[in-house]
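We just call them A, B, C and D in the order they show up, numbering each chain from 1.
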Amino acid sequence: MDILKKEMRLNQLEATLKELDDVQAKAEINEKIEAYKNNMMKKLTAWDRVLLARHPKRLTAKDVIECVFDEFMDLHGDRAFEDDQAIVGGIATIEGRAVTVIGQQKGKTTEENIACNFAMPHPEGYRKALRLMKQAEKFNRPIITLIDTPGAFPGIGAESRGQGEAIARNLYEMSGLKVPVIAVVLGEGGSGGALAIGVGNHVYMLENSIYSILSPEGYASILWKDASKAKDAAEAMKLTSYDLREQGIITGIIKEPIGGAHRHPKNTCLNIKDTIMRSLKHFDSYSAFEITKERYNTYRSIGFLQRFNYENLKGVIK
Amino acid sequence: MKSDLLKQAFDKQKAFKKHAISYRKKPLESTKTPDVPKGLYEQCDACKKTFMSEDIVNNRFVCPACHHHFRLRAVDRLSLMVDSHSFIEKGLGYITLDPLFIDGYESKIADYKKRTGLDEAYIYGYAQIKGLPLVIGVMDSYFMMGSMGSVVGEKVTKSIEYAMMKKLPLVMFIASGGARMQEGIYSLMQMAKTSGALKKFNDQGLLFISVLTHPTTGGVTASFASLGDIILAEPKALIGFAGPRVIKQTIKQDLPEGFQRSEFLLEKGMVDKVVDRHHMRDTIHQLLRFHQKEL
Amino acid sequence: MKSDLLKQAFDKQKAFKKHAISYRKKPLESTKTPDVPKGLYEQCDACKKTFMSEDIVNNRFVCPACHHHFRLRAVDRLSLMVDSHSFIEKGLGYITLDPLFIDGYESKIADYKKRTGLDEAYIYGYAQIKGLPLVIGVMDSYFMMGSMGSVVGEKVTKSIEYAMMKKLPLVMFIASGGARMQEGIYSLMQMAKTSGALKKFNDQGLLFISVLTHPTTGGVTASFASLGDIILAEPKALIGFAGPRVIKQTIKQDLPEGFQRSEFLLEKGMVDKVVDRHHMRDTIHQLLRFHQKEL
Amino acid sequence: MDILKKEMRLNQLEATLKELDDVQAKAEINEKIEAYKNNMMKKLTAWDRVLLARHPKRLTAKDVIECVFDEFMDLHGDRAFEDDQAIVGGIATIEGRAVTVIGQQKGKTTEENIACNFAMPHPEGYRKALRLMKQAEKFNRPIITLIDTPGAFPGIGAESRGQGEAIARNLYEMSGLKVPVIAVVLGEGGSGGALAIGVGNHVYMLENSIYSILSPEGYASILWKDASKAKDAAEAMKLTSYDLREQGIITGIIKEPIGGAHRHPKNTCLNIKDTIMRSLKHFDSYSAFEITKERYNTYRSIGFLQRFNYENLKGVIK
């Protein structure tokens, strides 16, 4: 039974609770609910987390911005081609500090999802993000990015306008930014589309978010020629927050309530805010040089490999 | 945490004893002429005509009939590009591990090693083109589709750093199916690593020429391949981020003629020049000359 | 050479004695409420309904019926934007000359001076918005369509330099038909001059907010107006480089609905926000706050 | 009789010359030709120069590149949308020095003209030019620009993709370039389209080129509501090389042979080359700081205006 089915059962229990008047009966069902949550919903499979990361009620970037920041002014456009609604961005304040916030935006309705292309940016979206990041750097504002995308968009326009170049340019420029970049994976961290705003000094993942080189479906269909094995792929791919922490890729995990972030958005956002604030304070004592250097070194060191002792090879290599 | 994983991987590797220490002991050298199996015949993928292997090789691996550019092994690319015996390979001894514990991945790598004679899908080193020094890096699409895992990402980065240390221009020949799924998130992160290294390289005013050959797709397109000061492409190479099959599936529409080919990218402003393999060496030499302090 | 021309121009100006020294002696001040001719009526360009002038002014020069934004004189813009009596005008005393010796140009300028009470189509100075200091520049489209000749170019540049000297944010309200033909090549060169000044301004890490109002076209669009760190636009303002009539003539095709209007530019990624006149002051204040060292 | 009609007459005389065998007759007609040139074709009206600047055989940017530079490698694209063929650009060598060359390209045939949009760039053309200029700056190469455009293109695509922004960005970035920029107006220097690659440390004009804020036709139709008065407009607008030198806008004039550059392309190109070489040598002793500063000051000082003595106003201005 996957987490969505468990959630339905939980919802039923909660609906029952609402209808009850009797104190005794209420206490009983309440106990049942707590027991159900603790016994059935605490331990999640990788696939459960995939489902939660994609949950239709999952917190979107705008939800998080609304709740975590005191003020927010959205800014638009890449100054060249189009305003990509898959990317939301602007200036925000958090506990009296100005920051630049950039996020990938999913819709909650079909209409919204079409407008923002299901959070799959086009090249102009990455370029808009880069413009806002360069603006942040000019004004010495830390950058917070909120990652939630299935990935880059496989479309004719996106390819024609150079999404490869646009993603590469972001990786390149982000590497040199003189202000701290704090990335938070909210839901899906899908491949190059996610990384294009994800080169952070600190990278956090919500507990039930995922971050991977491609979707489990894609993995299964390419490696096993069978897209229906996505569930197995999710396990194999090591794409949960816990996996990525173990792999040394992310800085930390932001806790979610039992059953997923959408069950207590406010609590989740408080956790996000705490994490961001701690991270911001961490960089307060850093110089621009140190900020760039630390970020560079972090990514420079990522790789799972081994090299034979160079000394042993000395005789061989000229 | 990370070291735990590393330890496990090594433990697992020990079981495959014969592959575990299979790194090349001798660096590659560029030779004047590539090895050609004498008396063999080869068919052109494009026009389906058959030629003697020798004739194809002598025509720089270009079909004598239809001008189709055959896919090149890294060593053959070297032999076409650099002065004979000028290549000094660097960055040997890297060993690909198996971070996701995928059945068959290690034996696959071992197999590719044996078949290609390479450690991984990228080799680099010092070389000269008509006497001008450079650092040259070449991807080999015969090594697991030239996909980028930790080792390729590391070696690409090392080649950038080596050129930076030597203050030499860097020329890379790209041929890749993208990031390597089998190494999961590590592969994805190589995109950030290599791009970051190029930012440092660029800040020192050094020249990076990226040459896109068939195929250049996925994570490599979205990182170092697209970051050349000058970007060249071989004719009709497939170049893109998303693969054409995925796009077709997604948009449920036929793709325009010539979509994602070199000439299309030139038109779309992504590529500086489409250069025939017969002129590639001269073109790169000219660019190197243009960027010397004194011509 | 240039001084010869200047001398000739002055000689010619002497003939127009009454205009020759017609610069404003008193700087403008922003007032709490603009002067409204009492008891007058005005018709809305958009919905053609008629209102008492007072009602329009009290609604921030926005049509109470259809929300059409009336064109604003520079002083009225100031009165809507800055704290009352906070405006200190700078850069007075510029005199527009007639480099091409065009019949009627000088008397036209003299006429505009009289009608608008301005020296030229741009005024600037120090001001405050809710207590936050800034340099504010405002173009006046009632002064010869807000076109940019030497004086406008010089004053725009001076305002940038003044903000730079004071290390203050700069906010400009644009309204212009473009470069001023009557001053020939000098007008064109103001585009390079103002853009260059903004490069220096930017290199010092200062904030420039450009607000595009109806109409923003021609040389102004292709220079300082498009170079804001943040670019705002009033609703439905015409914004573009080439004018819609010229485009229509050239391509012999109808223009798409809403083409070159603020909302279109927002969609095309050229503008950060379309901001209603009722929220403009708050929006700019918020942006100024965001860019203070300490909030 | 305008210069084109005079040229036809000259062509007739030259055709006659070719058909003659008799030495005596040849000498006579030769004398006639010389006399015609010196008496009829030397003094040109502004409109004559407009006609020469737009002459169908006028040297194009590619002609000049071919003839003036030893080597040239064309580079393409803006890395975002399209390769605009109205702009030709790349790396060239001149007497052993590498430079970046960027020009506006007219066609000689209708087909060519359609391909390069009659040398009217779209936004991506300006952005391609900027990319090449930034590349030149990185590698410390001087920049030579060759101006020849009727102006920016009044089209839907050009406006949609922000030609105003693109031109502005070029003016802005060119102002800060750390390498010398040498601009040469070959034919038509049309308004913002020309200026977008024209912010040079030195700006030269071919003798019969023009440089103006808009076309004489446009000027006449807007100011006099009569486009047919373009001839008068040309005189009024002060758009010839001599006018612009008098106005202090350009650095110098590059001489053309009698009858226009196209009558002796080689000589004209030699003059262009001499001018470029002199200009390049001039900047050899300049530091990057001086190069930027001199260019900045040049444009900063352009303006035809007067200001009342500030001291006199002191009592008035606070």
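We adopt the following convention: a contact is a pair of C-beta atoms (placed from the backbone, for glycine too) under 8 Å apart; a residue touches a chain by one contact, two chains touch by 3 or more.
All values reported here derive from a predicted model rather than from experimental measurement.
Visitor: Any chance you could name the chains that touch chain A and chain C both?
Guide: Per touch definition, common to chain A and chain C: D.
Visitor: Could you give the fewest steps needed to travel from chain B to chain C through chains in contact?
Guide: 2
Visitor: Could you compare the number of C-beta pairs in contact for A-B with that for B-D and name the larger?
Guide: By the number of C-beta pairs in contact, the winner is A-B.
Visitor: Among all other chains, pick the one whose mean CA position is farthest from the mean CA position of chain B.
Guide: Ranked by distance of C-alpha centres from chain B, the top chain is C.
Visitor: Centre to centre, by mean C-alpha position, how many angstrom separate chain C and chain D?
Guide: Roughly 31 Å separates the two chain centres.
Visitor: When the C-alpha atoms of chain B and chain D are each averaged to a single point, how far apart are the two points in Å?
Guide: 43
Visitor: Find the geometric centre of each of chain A and chain D from their Cα atoms only, then give the gap between the two centres in Å, rounded to an integer.
Guide: The separation of the two C-alpha centroids amounts to 52 Å.
Visitor: Hey, what residues on chain D touch two or more of the other chains?
Guide: 79-81, 161-162, 165
Visitor: Of all the residues in chain C, which ones touch at least 2 other chains?
Guide: Residues 202, 268-270 of chain C each touch two or more of the other chains.
Visitor: Could you list each pair of chains that touch one another?
Guide: Chains touch in the following pairs: A-B, A-C, A-D, B-D, C-D.
Visitor: Write out the stretch or stretches of chain A touching chain D in their complex.
Guide: Spelled out, the residues of chain A in touch with chain D are 79-81, 123, 127, 161-162, 165-166.
Visitor: Residue numbers of chain C touching chain A in their complex, please.
Guide: 202, 205, 207, 229-230, 266-273, 283, 286-287, 290-291, 295
Visitor: Can you name the residues of chain A that touch chain C in the complex?
Guide: Against chain C, chain A makes touches at 71, 73-84, 91, 93, 96-98, 124, 128, 135, 138-140.
Visitor: Using the touch definition from the top, list the residues of chain D that touch chain C in their complex.
Guide: My answer: residues 152-156, 158-165, 167-169, 171-176, 191-192, 195-196, 198-199, 211-214, 219, 222-223, 236-239, 244-249, 296, 299-300, 302-310, 313, 316-318.
Visitor: Within the complex, which stretch of chain B touches chain A?
Guide: Those in contact with chain A are residues 1-2, 4-6, 9-10, 21, 23, 25-27, 88-90, 92-97, 99-100, 102, 149-151, 153-154, 157, 179, 181-193, 195-200, 202-203, 219, 221-227, 240-243, 246-247, 249-251, 253, 255-256, 259-260, 264, 268-270.
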